[in-house]
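There are structures below to look over.
One chain, chain A, links the two complexes that follow: it is found with chain B in the first and with chain C in the second.
So, the complex of A and B:
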């Protein structure tokens, strides 16, 4: 279906609820609805399998309007439908929850309520997700009149530690320090013997308040700030932001710059997937593979350093183009490095599909069916391993992806093994695309002039990060800094699937299950506390990992 | 103290310093980092840089660690956990701040959930600048710290030590 027919379909589905609707961009449909109609409207889209809920943006409109707005963005291929709900600013506004129909919404709703001060009625877990424990109640950072002085820490009433035993099960808290998270997170797993019966999580240990910070910095400063949302997929964030702002400013980026952006994104994908391969192999106790893949990852790091000057935060994107060119003398190094990488990736593909010990930890573990993957709103390789075809590079080609396309790699089985296979195959596709770009780089400039101020307007920018779709909503008021900038990273969407999938699995499988979705790794040995009956003993993450390995050794 | 007792104490001190310098165990704590420094720290363990040849080993438990390697600015939610991790380490303990954020708050200065840079929270022995620092720089930072430990010329940490009430 084309974007037009998709939008047409959405507009028919939403017609009974629409108070007003318009098309702000050719691929977007905005529908104004009342808060009461929200569950029905969301159900209409999800019952018709129209796309997935990509993000909820909460926005404080200008103080004189005295209104809040919640934007529910649904994406299907390149089409984006936004349900816009206006809420009064005073008297603790309320909005009904949609997470009974769309489980993926629960994280977004928790974020909406703590950031904007909207009560989400009926959301399964209304506790804090990002803000610290000592945050005062009634202070909402996403509101326009938020002042940092208002958020002075309040004394925390700490509950006495929950007894390990609740009814006839134990609660195992894991984190906040944890190997498999971008943000060190905190999990509570309820276990019955070895089997997990429930899971909860809390984030916010590395929440810095970047969305709010963008509002106080100008368009160019924000580029460098947003690059540091994540040190692993920094180029993804820089290019998603640049792409959105360029769209708002109406700036045409030279094709050579777009191709270079795609090239760096490809290298970033290789380094990120090799990093993930190493760390998940480490979680399974396969340290030789960890060391091998990280050794080979240095090849990509060399290449990135040669092309951009930096190993990690490349800073190659600037508004209106890129900073550095790929010149003829780079081509030979590129091909030589890719030759080596392709050979190694084929070898890893062989290892992860044939090594018997490793397969014990991955085959038929964490199997997620296509229906479940769709229900939980998974993204990226996690979704594609279950046969769910979601890849922004293919669905809605941006930048140079229409000129240098990639093919979508999917698998059927949906277990951990499938996720390894999908990621490795994806790298082979990426290598082929990188060769094509290096050989056929469009001629011309690498950057164009960019204005200091960006005209008023709002846009959505989507980019495929190594872990899935990164979603940016950018609103400009015509000044030299954004009015609202919303970032939704892929890991947040994939969490729902992990929290649901761990139920029924062995505690020993937890490290692998968490690693399997590749939450932005901030990898290291972390603390795990295990409470047993009334005596609580502390074991380290390393010991839990070892326990997992030992358990499988015993057979 | 008679001569032989003094000799034994000195010898013991020499041995512990020798052991400490030749096999420092580290724990890594991410107190709000973007992951850039964290992957570079991990890269120092892997074959190209391989710090294990110097006896440096990353441990999971603070109770096993001599050196606390911190990345990122300190966020409000991570602050208390960071202090608790530090408190659990046996003395003598050393703190290395890796990356610009630990030095000044870096790009996240002024964000609402950021307490500030690392030496506002912990006494820091060594700072490694960079965004992120290269693995070589991280190794160099730790080696500089160890040289001071070996020569007994450890400078006074910049911040005041943590008080018990703060935890």
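So, the complex of A and C:
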């Protein structure tokens, strides 16, 4: 179905509820409904299998307008339907929950209610997801009249010491500090012997409020801020933001710049998946695979460094193009590195599909059927491993993806093994695309001029991160900074599936199951980076490398 | 004079200090080999010693709400068990210091004492990771104990003795038993890894699930004592397997090579295999390990009856 027919279909489905409706962009349908109609409207879309709930954006329009707005974004292929609900600002606004029909909405609703102060009636878990325990009640950081002085910590009453038993359940806490977690999150698993009977989750240990922070910075500054949403997929965030803002500003980005963006995104995918391979192997207790895959990951990290100058926050995107060019002398290194990586990836694909002891921990573990994957709203490789075809790069080719297409990699089985296979095969596809880009880079400029102010308007920018779709909603008021910027990272969508699938599995499988969706807490939380003021010692990369080698040589 | 010699031999050589140091040597060899297999550089030769000294000098934190006598006593009992076991084993290629008929069984149970102490230590704390780790430790004990015992019984049967000294003397004088009882050797080797909770049988201390298992709440001296106990267990058990299956004691240098050969094999397996879940471990032992060991014993019984 084309985007037009999809939007036509959505518009027909929503016709009974629509108070107003328009097409702000060629791929978007915007339907205004009343809060009471929301569950019926969401059900109409989900009953017709029209796409999935991509995000809920909560917005405080302004104190003088005295209205809040909740936007429910549904995506199907390239088409985006937004249900727009207006709520009164005063007297504890209420909105009905849609999570009985769409379980994935639960996390979005929790975020909406704690950030914007909207009571979501009937949501299964109304407890806090991101805000700290000592955050005062009744203070909502996403409101326009929020002042930081209002958020003075309130004392928290803690049960000490925490008993192992809660009622008749034996609860195993995992996190916020735990060897299985590389980033902080908190899980409570109730177990019966070794078998999981229930799971809860709490996030926000590294919440910095980046969405709010963007409103106080100009368009250029935000690029650097958003690049730091995630350390692994920094380019995803930078390019998603740049793409959205360029669309708003009506700036045409040179094709060469788009190709370079896709190239860096591909490298990022390789580094992310190899990192994930190592982490998952470690969770399973297969440290040899961990060590080898991380060694090979250095190849792609070095390549990234050579092309962009940085290993982590590549900072290659600028508004209107890219900062660095890929020149002829890079081509040989690129091909050599890709040769090596392809060979290693084939080897790892072989390992994860043939190693008997490893298969004991992955085959038929955490099997998620296509129906479940659809119901839980999974994204990225987690969805594709269950045969759910969701890949923004293919569904809605952005940037240079129509010129240098990728093929979608899916698997049928939906177990952990399938997730390994999908990711490794995806890397092989990525390598082939990277070669094509390196050999056929379009000629021309790498950047174009970008205005300081962006015309008023709103847009949605979607980019396929290594973990799935990253969703950006950007609203400009015509000034030099955004009015509202909403980030929804893929991990948040995948949690629902994990928390539901762990029940009935062994405790020993939990780290693998959590790792199986490649969670990224920092993008969930929009992470804090520690900045030490008094740390003035600097060391060059070559010195650091030398120091590291010497330190270990001594051993 | 004999008392003095006995005391010296227990305190310094070959038991006591020398035993502890050799335990560290084997531990280092194991860690270094695994590291090399995993493409890492691995620790320096004195790392286990440095770790132990560091732990011993650190504060020991006793969590609230547990039995103090057990908390402080269990590491000591565990270490005592391991050290006592070493008295009857041909460690470092020297004949056992003590011997009596049936010392094989006593040694094996002294070694199990360590696991039981760890299990109790885990149960003694209120930490959930410890409790689960303890349950897994003890579950695993029930899995490998019988097959491991049966595997060591094979050489005892052909040697017609339950004395470690006699069995190794028999092994010395005949063909290497590994050639006549290969199944027993495999079961013994894998049982050894289960006993030492080495990967892939490290579910009781799987760090990605339950942090450090039963010993999660231990720090400082208590942890150090458990670690020393474990490395001595490694020495004793490797010595037993080498003496039984790889042609007796011979001389200390040859024996060292034999035992390091076993450590090399174990390191290879550790690097190659993925951690088994506790249910998989138990299933594997009872479905294959115990049956194979029993089969071996049965064959031996039949052959012996037929030959004699």
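Keep in mind that, in the parts below, the second predicted complex is superposed on the first by the 506 of 555 C-alpha atoms of A that agree within 3 Å, B and C clash if a C-alpha of one lies under 4 Å from a C-alpha of the other, contacts with A are read in each partner's own complex, and residues count from 1 in each chain.
The rule is short, and it goes like this: a residue touches a chain if its C-beta (ideal position, glycine included) is under 8 Å from a C-beta of that chain, and two chains touch if they have at least 3 such contacts.
As the structure is a prediction and not an experimental result, all values here were calculated from the model.
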item	value
Which superposed partner A:311 touches (first chain B, second chain C, both, neither)	first
Residue contacts with chain A in the superposition, chain B compared against chain C	B
Chain B versus chain C as contact partner of A:194, first or second or both or neither	second
Which superposed partner A:228 touches (first chain B, second chain C, both, neither)	first
Chain B versus chain C as contact partner of A:148, first or second or both or neither	first
Which superposed partner A:295 touches (first chain B, second chain C, both, neither)	both
Partner chain(s) touched by A:208 [first = chain B, second = chain C, both, neither]	first
Those residues of chain A which chain B touches in one complex and chain C touches in the other	291, 295
Interface residues, chain B side, partner chain A - complex	27-43, 46-48, 58-62, 72-73, 75-78, 81, 85, 106-108, 110-114, 131-132, 134
Interface residues, chain C side, partner chain A - complex	37-44, 64-65, 126, 128-129, 131-132, 199-200, 202-203, 206-211, 271-280
Interfacial residue positions of chain A with respect to chain B in the complex	130-135, 141, 146, 148, 151, 153, 176-177, 182, 184, 204-210, 212-213, 216, 224-225, 228-232, 234, 275, 278, 290-291, 294-295, 297-298, 301, 311-313, 520-527, 540-543
Touching residues on chain A, where the partner in the complex is chain C	161, 163-164, 170-173, 178-180, 191, 194, 281-288, 291-292, 295, 355, 357-358, 360-361, 506-511, 552, 554-555
